[in-house]
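Encoded as structure tokens, here's the structure I'll be asking about.
Which chain is which? They are A, B, C and D, in the order written, and residues in each are numbered from 1.
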Amino acid sequence: MGRILIAYATDKGATRRLADAIAEGARGAPGAAVTLDDVDALSAADVLQADGVLFGGPVHMGGMHWRAKRFIDRECGPLWKESDLSDRYCGVFATGGGYGGAGGGCDLAMLAMLSNFAQLGMVIVPLPRATPGFADGGCHWGPYGRTNAPDGAPIPLSDGALACARAYGRRFAELVAARRLRRAG
Amino acid sequence: MGRILIAYATDKGATRRLADAIAEGARGAPGAAVTLDDVDALSAADVLQADGVLFGGPVHMGGMHWRAKRFIDRECGPLWKESDLSDRYCGVFATGGGYGGAGGGCDLAMLAMLSNFAQLGMVIVPLPRATPGFADGGCHWGPYGRTNAPDGAPIPLSDGALACARAYGRRFAELVAARRLRRAG
Amino acid sequence: MGRILIAYATDKGATRRLADAIAEGARGAPGAAVTLDDVDALSAADVLQADGVLFGGPVHMGGMHWRAKRFIDRECGPLWKESDLSDRYCGVFATGGGYGGAGGGCDLAMLAMLSNFAQLGMVIVPLPRATPGFADGGCHWGPYGRTNAPDGAPIPLSDGALACARAYGRRFAELVAARRLRRAG
Amino acid sequence: MGRILIAYATDKGATRRLADAIAEGARGAPGAAVTLDDVDALSAADVLQADGVLFGGPVHMGGMHWRAKRFIDRECGPLWKESDLSDRYCGVFATGGGYGGAGGGCDLAMLAMLSNFAQLGMVIVPLPRATPGFADGGCHWGPYGRTNAPDGAPIPLSDGALACARAYGRRFAELVAARRLRRAG
């Protein structure tokens, strides 16, 4: 069994939908126990109980959502001093307008989130190019869903992006389950 | 004349002291009008009124302070849609424990702050190596003050770091003043 | 007058075409003297003679072209020790497949190039959102031309991306010219 | 058993010494088979044969060594198109002057190297804060050895940095070995 925490910040719901797809994929893995919630409803205790954490939010001004950062500073910061989470997995996901046709800063926004988990020593699971839906909803750092066309017009998350998110969630959960077996063995 | 806004987030006051040193340097430039305040006391209007913005905070978990990010999302985000600030200057500064002897993530924390101002189109002023005090309080992205030794023990900002901050503030204000002259000319 | 160096690495010519568009825009600014060449044909002396440097290449594996990095290490590295270029301007541009719909790492590739010029202390000119063609060929760090569709199929640089590059080159040259006037004044 | 490739670029030998320490640690793990060599002596075939890859070099102008990037472009680039390495581990290490007391750009230099392996889909192993020697030779992204004091004077790699590198190599090798067992099981 592997306990997976999926934590997100969301504005209008798009990141929540991407998180749902990741959770759906993760739940398809044998033995996965998935917790999915907004960062504002979670605490350090939820991170401590998880074998793997997936963390995401919209890209704002080339960086992560401020509520995501508040969770990191308040809940994860103390863990850095007190806990060793280095035998756990993490990953990130994001949504964004991608205004400008170049991702709109999703690269650095995802790395801003990954920095926190690298500080906690957690093993990072990126998104392989061979993942179904990658061309439509992926970045090497994790699943990415476009909520706006390059010209700024709002669009729904594509089927490809959602398929990519599901496949990523499934694979992440399988890695976490294998880790549990290893420790139990 | 050049109007300079120095905005900071601070926990125990170290970033405030670094911001003070930058302000002291900026005020030494002919014709500079400096506003210095915590991000929580500022708004988009303050950004709009400035010819140059300097923005800083402590490094938390390899990224910027969450209150700094809240200011960016709430106050700067709307400016991205509505305003053209591309004829203005910006810069960043940070404090940090630097636990580990390698900056503790100050590189990416500073870039996370710069991303916002690059999104606003503002011209970025880095910190030249020849700046007095650089060896003690500098990173190429901006002034950096250590608040902890590599082993984590708290230390005050060094004289070198404060000298570096003053020199940077002065130079930034001179660039901003020159821009004002150019526009007036 | 302002002397502008546009240096690029290119594989099949797409970055060269983007550089050409930037040069065309820059030459349209009054008094601009533009040098355009492959990094392999340039040296530190060319950097030293320029009032502003624009530097670009294709995105390879989420980073800059290795020939661009060789130029930085061999030619710019010694300048870091010996010269003060802090009163000059710089900017970056890139081309890329953008495989995955999220920029394919152009964010970090552009920052990798900017790091060099920040180390040299040069003032950084990003790409404002209001630039014509931005939605088709822009990232906040600089002009970006897609050479592949999200699914990987090769495509030519779009008219929008080329328009964006021209507008950026023009503006960059105007900033450089204003600096020359300021120093002369 | 786990096959580990440690690939480095080095100028005067400091990165080679750091790589040696990592290799020494890795060889201490049961069943580890370690290959250690300069990037110029390696090829894509060496990457393909490894269960885990550790990659490092000196920080130059805020980024990786150009020979490291040449290896990535020439040898790893084709793997991106042709191979699925997503069930393997990777990590990075670096040396640097750290001129300025803030890491001198090691953050972004390490991320520039990690970008390549994230593009290949490989699982990333960061450096936990609890690693012995971390305060003297660590960054959350990986082992980091200072080759210069903050004022630029050359210094040898510290005992702490070497201890940190050994501990990281050991842990990395244990993770790789566990993966082999999992696949075999």
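Points worth noting:
Please note the rule applied: a residue touches a chain if its C-beta (ideal position, glycine included) is under 8 Å from a C-beta of that chain, and two chains touch if they have at least 3 such contacts.
The structure presented is a predicted model; accordingly, all values stated were derived computationally and were not measured.
When the interfaces C-D and A-C are ranked by C-beta pairs in contact, the top one is A-C. Put simply, the C-alpha centre of subunit A and that of subunit D have 25 angstrom between them. Centre-to-centre, using mean CA coordinates, subunit A is 32 Å away from subunit C. Of all residues in subunit A, those that touch two or more other chains are 62, 80, 105, 108, 111, 115, 118-119, 129, 140.
If the chains shown are joined wherever they touch, the resulting network links each chain directly to all the rest. Listed in rising order, the residues of subunit B touching subunit A in the complex are 60-66, 69-70, 72-74, 76-77, 80, 105, 108, 111-112, 115-116, 118-119.
Against subunit D, the residues of subunit A that register as touching in their complex are 80, 84-86, 111, 115, 118-130, 140-141, 171, 175, 178, 181-182. Put simply, subunit A touches subunit C in their complex at residues 62, 98-108, 111, 129, 134-140, 144, 146, 150-152, 161.
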